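The same chain A turns up in both complexes below, where it pairs with chain B and then with chain C.
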Partner chain A sequence: MRRGVWLAGLVASPVIVGLVYSFAGATGIAGFGAHGSYTLDRIRRVLSEQAVWESLWWTVRTSALATVLAGCAAVLAAALFRGTKTLDRAATTLAVLPLPIPHLVAAATAALVLGQSGLLARVAVTAGWISAPAQMPPLVYDRPGIGLILALGWKEFPFLALVAFSVVATRGAALEETARTLGAGPWQTFWRVTWPVLWRGLGPAAVAVFAFAAGSYETAALLGPSDPLPLPALTYERYTDADLARRGDAFVLSLLGLLLATGVVALHEWLRHRVRRLDG
Partner chain B sequence: MSAGLRAVRLGTFVVVAVSAMAPFTLLALWSVGGDWFYPALLPRSFTGRWWGDLLQDGRLLSAAATSLMLGAGTGILTCAAGLPVGQALSQASGWRRHAGAAMAFLPVAAPPIALAAGVQYSFLRLGLGGTLTGVLLAHAIPAIGYGSLFFLGVFEVFDRRVEDEARSLGASPRQVLVRVLLPLLRRPLADAFLLGFLVSWSQVPLTLLIGGGPVRTLPIEVFSLVRAGQDPAAATGALIMLIPALAALAATRLGAARTEVVAL
Partner chain C sequence: MGMTGAEAVRIDRGHRARAVRLAAVLVLSLSAAGCRESTRPAADLAGLPWDSVTARARGTAVTWRMWRGDPAIDAYVDRWVAPRVKQRFDIALHAVEGQGPELVNQLQIEREARARGSADLVWINGETFHNLRRSGLLYGPWSDRLPNAAYVDSASPTIRRDFEQNPAGYESPWGTVQFALIYDSARTPSPPRSYAELAAWIHRHPGRFTYDQSFAGVTFLKQLMYALNGGVARFQGGWNERLYQQASPKVWAWLDEVRPALWRRGDAYPPGVAELHRLFANDEVDFTMSNNQNEVVSKIRQGLFPPTARALLLRDGTIANAHFVGIPASAPNPAGAMVVADFLLSPEAQLEKAKPEVWADGTVLDPVRLPAEWRARFEAAAGDPRALPRDSLARYARPEVAPEYHERIAADWRARIRRRGD
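Our next item is the complex of A and B:
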């Protein structure tokens, strides 16, 4: 049926419009400071800026770490709470509870908890670990991005946990039973069966989470450092720059962001295809 | 079960429970805390001032009303567009299926700020910049992507023979839709509506660039309050943002679990 692809193309069309316009803006055909003719000058200039590469690398690194953090927590939760006892059911419900919390609320809460005079610092003072806010290691606007990684990891955990619970329930149980019948111990069963099933099953979801984390503007703007600026924040800053000539630079960045997302989508679909094949 | 494993289970449960409840508890405390300065661990007194300000000022309330409207509109568009796309995609196979699913996922995965920068010009040309309609359509871009994937998941497990049976009994395609499909899909439709609602309800960058100032939604107000360091007011606004999110979760009972790529 061809209708499905056409309709899906319509769903994707705004992104394609965005890609085309970003390309036109980045090459000087249209947009701010356009001269109507095709040139690669702007792309060359923006891509030769060290700040841009630092921003890109910072965003990729923090999003990847947040994804790994959320993924490990999800695997742990799925492995520990897979039974039908009250504790298992309570744990799975609570783990998924924050799923619909907006990124903005997660970031606002993180700022209140992790800031230098935030709740964590107050706990540290009360416990006698530190005596002044300055002694608190910076966890917000910090160069390593610890606050952002924690907030994004926390935000994405419920989704990955939800997927992990369902992977264990639908794919894991029968295989584990077989492994145990064949004489595998609990650890062997986990490492040889549960873990491989889980990480393969979590693959596509983890890739999606990486894209959400890397693209989240509000978390980056509220928790990220000003040097390097996270990629979504840098894109916004350039796009709203008072200097119109610099505004055009934003199109190189939005082109970069949209192309990255396209790559991530392709990877996601390929992983999903592989997981399906494993199911037979 | 060994004592060690039991301890690990209990310990992990406590961490999961505390981390799940933390935002509600903390934001609620911040929204009623008076005289709560560093290094006090807990507020010295409680006050209804922030909630009172909120009711009197009316800015957050009118922003919340705008957000509710946009959310409802986005929810309707998610259903109206997601259902036919998901249904058509579920009938595709091979590379068409993969390409279709990937294309529906594209607006979901695209960084909203890059997407907004890319489409703003088209919106301005169409006279939609800074208008509520423009913001609604902008919110619908990722929401319809979510909705299509959601309905693709729904139709994968849907028994199509019901449609065939109704057709063979003489129902027109329209009758099949109105009398058979829609009643059967009431639950997924409600879930998709809430999904679209939530995508719009939590949106910041698309509103910021396409709304361009005149359109003030609740997330935009909360975002400015957090940036301005107005903690209690920001916490109060953030708490309001949580209400429909939780209500939706309770209502859908995780209906979104049916899609493999839904994360808000």
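Our next item is the complex of A and C:
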């Protein structure tokens, strides 16, 4: 256990340095307009802004939906393509193929495909579904964040699929075999064996995807709406505000983002322990 | 692969000891970085004759933090300027990304960390100069010492003042630009020529106009503020809160009035001018804008805009400003930076930069002050048919006002126009 703590500390050291500096910036000890003394004024002011809470909620909602989307697709892929036939292998390869694509490229591609003058709109016009590209429902810079959810869901799918494939192969196969020997049908096997194994195995990876999606700047900046601004975009906007006095707000917002990610990890741990207790 | 649990634990124990040592090294090196003394810029440079400055610069490297968003500008800096300063002054010039707010943050953090400066030369103007100067992050005065400063058009109000601030030797002018709208003359044969005509045009063409959220967009709003309040003259002479309180509501009213007919009904705005250019190029809107009246020429040449794209000046006047280079107070090599800045001011470098096929950036030199040979070459280059004629540029040019106007309009636009949920 102590070994784990040390290693975690080492891995987390850049985050800890950032955390300490953000805290110093948020409380007026360091950064622009710092007086070297501790004050909660900035934190109070930032947290009293409605725009900040809307931004946080928007980011939570879109990141959660993108994670659910990617997770469902990964479960589906893992459940469907698990044989060793050529088709199965081709499908699994295809599923993990987008893994090395950088997020920035994925976001730029999404903007080009989903924009009102994008590929999708042009295809829709050619197919006669709409008469002009402008009639295409906005999927980029849109308030519901559909473009962002689709782009992040697509980008995170291969990562979760990779985890799902290995979970099924290492933990599921033997149990399923046993279930079948005991006379379970395909549906029963899926619901009673494959699905529980998958969602427990996918949990940590899904938490990582959520935390990443909530903190990812490129996709949010290229696809997110102007109002509310996604939390990473709002943080960056404050960090580069023309008014130097407002730049420190970014530290409060990064702490908020960190709190969100930590909160989700804690929630996941709690759920896991609860489930384990119920199982035991 | 085939490792037993016990083996894994043993290996991890070895890792643990190493991890502890690594962590200690990391903490030590971090604190060491924090304590390192900054290299003070040679204060005695000011007293040195120019020959000694160039001698000191020889064999050094200069890091130039600048906006790296335009391939034409990058090509001019990397492939035209850099080889020449290497050849003539034996200076290795490296241009790296870093501009505006990020630059101010970077220099501030370097100072807090007492770290060695990461930039010798920076590309700045307006509120960046304002913030750097106010925070004491610039070295100077130095720019009046450059031999080529004698050719600078110091009578031009655009060059003599940077957003009404006196450069005071802390930045050296590099180029001038003037704001222009960009439209496609094939798509829009008779474009609006004033803000009033633009409002009418927007209503007649719903969804076909918008402006961006960054520098060009704010300039567009600032010009609108001049136009709706009887011209720029009232806003000159420093920041005036009461005047701003009287003048800005007209801007918000104008924007609210056209909003339903804007692109996306004014619900969303492109984050930067690059995104606005893309909307224009993809025929999603009919106008884009630029702080450089000649950008349309280079974008046509790059194939991004149709050949029929043109720049347009509104009769209410468009903002002209100059951009400068400065030397951070933490610059490790101020002598090298000064020599590069002087080369940037040379007639040769200024003429090359002004060519439409290179960058089309306006010169800061006054041809009258130049040697006859260079004067002739500048006059010959002035008449590119694709560019806006010089006399109309001068006629509609309006100066920048105090940077606080820019900052407040940007902040209030976000709060009043962009936010709709309140």
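Points to keep in mind about this one:
Heads up, the rule we're going with is that the second predicted complex is superposed on the first by the 249 of 280 C-alpha atoms of A that agree within 3 Å, B and C clash if a C-alpha of one lies under 4 Å from a C-alpha of the other, contacts with A are read in each partner's own complex, and residues count from 1 in each chain.
Here is the rule we go by: a residue touches a chain if its C-beta (ideal position, glycine included) is under 8 Å from a C-beta of that chain, and two chains touch if they have at least 3 such contacts.
Given the structure is predicted, the values throughout are model-derived calculations rather than measurements.
Annotation: superposed three-chain arrangement on chain A; chain B versus chain C shows a clash. In the superposition on chain A, contact is made by A:R143 with chain C only, not with chain B. Contacts of A:L198 after superposition: neither chain B nor chain C is touched.
If you count the residues of chain A touched by chain B and by chain C, you find the higher number for B.
In the superposition on chain A, A:L94 makes contact with chain B only, not with chain C.
When the two structures are aligned on the shared chain, A:D227 is found in touch with chain C, with no touch to chain B. Contacts of A:A26 after superposition on the shared chain: neither chain B nor chain C is touched. When both complexes are overlaid on chain A, the residue A:D243 reaches chain C alone and has no touch with chain B.
By the touch criterion defined above, A:A51 lies against chain C but remains apart from chain B after alignment on the C-alpha atoms of chain A.
Using the contact criterion defined above for the overlaid structures, shared-chain residue A:P133 touches chain B and also reaches chain C. In the overlay built on the shared chain, the residue A:L104 is in contact with chain B alone; chain C does not reach it. Residues 3, 7, 9-10, 17, 30-31, 117, 133, 221-222, 239 of chain A lie at the contact with chain B in one complex and at the contact with chain C in the other.
On the chain A side of its complex with chain C, the touching residues are 3, 6-7, 9-10, 13, 17, 30-32, 50-51, 54, 115-118, 133-134, 138, 141-143, 221-222, 225-228, 237, 239-244, 246-247. Considering their complex, residues 8-10, 12-13, 16-17, 19-23, 26-27, 30, 38-41, 81, 84-85, 88-93, 96-115, 117-119, 121-122, 141, 144-145, 148, 198, 201-202, 204-205, 208-209, 219, 222-223, 226-227, 231, 234-235, 238, 241-242, 245-246, 248-249, 254, 256-257, 260-264 of chain B touch chain A. In the complex of the two chains, the chain C residues touching chain A come out as 12-13, 15-16, 19-20, 22-23, 26-27, 30, 100-102, 104-105, 108, 112, 127, 131, 134-135, 207, 213, 264, 267-271, 279, 282-284, 403, 406-407, 410-411, 414, 418-422. Those residues of chain A lying in contact with chain B across their complex are 1-5, 7-12, 14-15, 17-19, 21-22, 30-31, 76-77, 80-81, 87, 90-91, 94-109, 111-113, 117, 119, 121-123, 125-126, 133, 154, 156-157, 159, 162-163, 166, 204-205, 208-209, 211-212, 214-218, 221-222, 231-232, 235-236, 239, 250-251, 253-258, 260-262, 264-266, 268-269, 272-273.
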